[in-house]
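Look at the two complexes coming up: chain A is in both, with chain B in one and chain C in the other.
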Partner chain A sequence: MDFGFSLSPSSAVNLDNTDMSLYERLCEREPGAKTCMACGSCSATCTVSAINGMSVRKVILGLQRGQFRDVEKMLSRCMLCGKCTMVCPRGINTRHLILELCRLYGSKEGEL
Partner chain B sequence: MTMDRKIVIIGGGIAGMETAACLRDLGWTPVIVEQSSALGGHVAEWNCLFPDLAPAGKLVDSLRAKVEGIEIHLDTVIAAINYLRKGYSLVLSDGTKLQSDAVVFATGFSLFRAEKKEEYGYGIYDHVISNKDLELWFNTGSDERVPDNPKAVGFVHCVGSRDIKAGNTQCSKVCCITAIKQAIEFKEKFPKAEVYCFYMDLRLFGRKYEDFYIHAQKDMGIHFIRGRVSEVSETIDGRVFVKAEDTLSGKPLRVSLDLLVLMAGIVCNRDNDRLAQAVSLPLDEDGFFRSRDNVSQLTLSDKPGVFFAGTCTGPKTIPETLAEARSAALAVNEYLKTLK
Partner chain C sequence: MRERFASGFDPFVIPFVLGMVFVLSYCLFGMIRILVQLPKADRRKFLLSLVTPKTLLKDIKDIFLNCLIHVKLWKRNPVLGYMHSSIAFGWFMIILLGHLEVMLFLPERIHLFYYPIFFNYFVAETETTLQGAVLFFLMDFFLLMILSGIVLAIIKRVRSRIVGMRRTTNPSFLDRVGLYSLWAIFPLRLLCESFTAHISGGSFLTLPMNWIFRQFLGNELNALPTWWAYSIALGVFMTVLPFTRYMHIPSEMLLIPLRNAGLHILHPRKGFARVQFYSCPGCGVCIDACPMSVRKENLKDCTVYLNRQLRRGNEKRIEEISDKCLMCGKCTAVCQVGVQGPELRLAQRTMRNYGVNPHYSDIDPERFRVEGGSAKVLYFAGCMTHLTPGIGKSVRSLLDKAGVPFKMMDPEGGLCCGRPMMMAGRKEQTRELIRLNTDIIRNSGCTTLLLSCPICYRIFKERYSLDGIRIVHHSVFFDELIKQGKLSVQHNDSLRLAYHDPCELGRGCGIYDEPRSAVSSVAELLEAGKNREESICCGGSLGSLSLNFEKRKDITLASLKNLCVEDPDGIVTACPLCQSTFSNYSDIPVQDIAQVLDNASS
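After this line comes the complex of A and B, so read on.
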């Protein structure tokens, strides 16, 4: 039946049931991920960010909030140019981070 | 010039003690007037100090040793101060009269009363405590509000600080680093607990502070969430339910915790009003004492013979307070030398 309106699902993040397992596996492979302070240098300098919304900052945050689908979409847009690694003030190897994450998404180990 | 000139120091916290010790070293006769029953002020109630986790008790003990032999009035407040032609005449609450050539205000700060932020539920819910309560718990291990095996704990930054409605525009300066220190200590005690810090900005200005933050992130796995906690409620099983915005993702965020620690800020000592009036000194809008100059003359007031040391002129760290206390002692020394 059409009531002329629909309910949208809540966009709230509930940390009580957020799945952090992928984030934790990534941190084992690239511990630098934990030191992100969300400055946004990576996104600002990203070659494709302005075109398709890729952002390493958002990738890390998305993993911390259990939003795997959004992260996956962003990963496919990365060109692995490595400019983000150059500008990261915390020295996070963001290119390696993205690569490892792609591996986790692609492998059974990282099964979602 | 006579060297038996007397200086009354109001407040026996770390600023008052350090000023007194320096003035005695310079050859003068300091007197400490302290309203509580022991020297040490807020620091005496603390457990460990950032950024090296040095025991607070050790610092307080060393300062107490430095002021041994100095005339100290405990459990005493200033009943009246009068400016006479030759210095100040003070009457203490126990009736003692003191003549002094200079007065140093080392009256410190008050910790913001967390129950004023009613939406955080301090004094209402079973598992909401303040930063000071946690330090006391580190000291004594006894506080019914701290659960035995917490799975999740949250730290709320800026409680009463940067809050115009709470009457305090100022940043308390030390809470960010204190929250990180306490989060690390808590995680060390309960390695399996998830620890969340809710912040607006992280203001880690001091040497080693940023390293401490990186340590908290990288080695301790503490989660930092940018967003001010908007409200706290209690769940049916007695846990604490917290609402905030995850401002980095722009989404509302919810989490239930076993313990919530409120980082109560540094606010002006409410007694400042009375003391300022007694010597006709103006207070700043934020209730702290006004220095003659906020860059180069922090320890000087607008009155001859009245000086400031420590947090009575605004939030400060312990090293800053101690350095300022020494600076105040030198300023007093200069002033006394000009008296005939």
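After this line comes the complex of A and C, so read on.
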């Protein structure tokens, strides 16, 4: 039956199905990740956000939601310029966070 | 002179001979190993430098001045300078004169390499000659010189503050064995030469001592055991030498020619790097110098401990130390041997494997095409200046005031210069960024590239090949404009400003005078407690990968304290990152040089 409209599939992420191990391992190596309050200062200043939408906030959120491919895509354009570190109101060492995450990807320890 | 023993041998020389053979073969094999480890191009460069008269002369001069006389140390701390040169140069002279004696009096024994060392035991004086008297006098003179150095060394070990050092390293067990045997060698030599001085002859030191000992000790009985002790002390020192910090003595003699050949550290353990960390004398000058040392828990993260861990192969600590460093370069600036601590760490950082390797191949340089017509000056603000927009604004305003036509390379934000990537050890990514930026700059048709950020400035100077384009930092550029009269500034007599040397601009690129000259044209220039080559990092450095925000606070506060020794009205720096870092904690205004000039110009 056609009502002239349809329900779009839910885009909500089922957090129970998410593998949080990568996020947890990251938090072990850079505890600052846990203190992110998703203010978006990093997104606003990011050098490459205009190019591929990179943002540390989205990286941290993506990890918690299991969007590993999206995170990898964002990481793959980061230039480590350090602007996000400078503006972060929580003082998160975002460059360390990014480098450690880049190392975890593909390492045995962070295997997906 | 005649020989006392027809064989020219006594068993007491054995400990010395064994130690000497061991240390010489160890050094020889070590040297061959290092040369084999060098990349082919570097090895060629090194061997070529050895046959080029100019570099060879420089090698010899540097080895003489640094290894024997310790000129650099004299300039830094005359007491330590005297201590080191008296021992090194005195010992060298005793060995040299010992050989001279053998050549002069018993040339047939010169092939026995222990003979010059124990000459006084093996000979008896038959007649006094002028030559002999002069030689004996010199021998005693240099021995006295060494002994005075040893006394200073003992005082230094007990109280390092007396010789002007706040902190020094804790020697390891073998270091101590080496140290005590080194201390023992020269008093023992004095004793044994004194015991035999009535047979072999002596001079102002040994003859009177011989006379005194004869009164109550009986020299003949004591002579041989003391010569044994002397030989054993030498043997022990030589045997432990490769495993102690005294390895810096032979190692530095290889480091100097390698450095003069223009080599760079490429691998953190092999080749040139190996010579560097074995050349570390472990003196600990870098502990006081390191900006991280204000935090007690970071005391063991400075270069002297990195070198120790590299020798021991303690991977976990090497990684930790390498990541923490701010890469400010101060340890290299104060190092007497010139060990390049930051370069060793950088090489370590390049060894890592990452699962995600950023690439920028799909970024189109056309996206960043420079607009602005035919202006020949291209201004690249850089990431850090975009975060401190006041600085960028002042630079543009000053350029307008001076009537310099310019165009912006990154009006809406551009690409990163690549230096942060480089300091993280990611070579491929750095290369790609350099290529992209080079394209953008070349296509703009500029002849001058103006930069506000010393971090960018350094990589543009060192790694970009932009022949025909002048790369200039704004502090230098504006200083020139003021001197040429194109930019008129008002001097404010009541304003007192302290200038902070940014690490990348000062130690990194050697620019110290131009910013000072620019500041003094608008205000009274004050100096920091430690300045120029020894300026203290602001703590904001992108060089450190793992040091977090709270831990940097103490560094910033210490650096601010150093800047405020003359109680200035404000602080002026030439780096947007320093400006932003200081502003977080400073009670007085912190401005970039461009902002200060902009306020004072019309």
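The working rule: the second predicted complex is superposed on the first by the 101 of 112 C-alpha atoms of A that agree within 3 Å, B and C clash if a C-alpha of one lies under 4 Å from a C-alpha of the other, contacts with A are read in each partner's own complex, and residues count from 1 in each chain.
One rule holds in what follows: a contact is a pair of C-beta atoms (placed from the backbone, for glycine too) under 8 Å apart; a residue touches a chain by one contact, two chains touch by 3 or more.
If you're wondering where the values come from, they're calculated on a predicted model, not measured in any experiment.
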item	value
Fit-or-clash call for chain B and chain C when the two complexes are aligned on chain A	fit
First (chain B), second (chain C), both or neither touched by A:K34	first
Contacts of A:L75 with chain B and chain C, given as first, second, both or neither	second
Contacts of A:H96 with chain B and chain C, given as first, second, both or neither	second
Partner chain(s) touched by A:R65 [first = chain B, second = chain C, both, neither]	first
Contact breadth on chain A, by residue count: chain C or chain B	C
Partner chain in contact with A:V56 - chain B first, chain C second, else both or neither	neither
Which superposed partner A:C42 touches (first chain B, second chain C, both, neither)	neither
Which superposed partner A:C84 touches (first chain B, second chain C, both, neither)	neither
Touching partner for A:L15 - first (chain B), second (chain C), both, neither	first
Closest Cα approach, chain C to chain B, once both complexes are overlaid on chain A (Å)	15
Where chain A meets both chain C and chain B, residue numbers	none
In the complex, chain B residues that touch chain A	194, 196, 202, 214, 217-218, 221, 223-224, 226, 246, 248-249, 251-256
Sites on chain A touched by chain C in the complex	32, 45, 47, 50-51, 72, 75-83, 85-88, 91-93, 95-96, 99, 101-107, 110
Chain C to chain A touching residues, read off their complex	323, 352-360, 363, 383-384, 386-387, 413-416, 418, 420-421, 424, 426, 429, 433, 540, 542, 545-550, 577, 580
Touch list for chain A against partner chain B, complex	10-16, 31, 34-35, 37-38, 57-58, 61-62, 64-65, 90
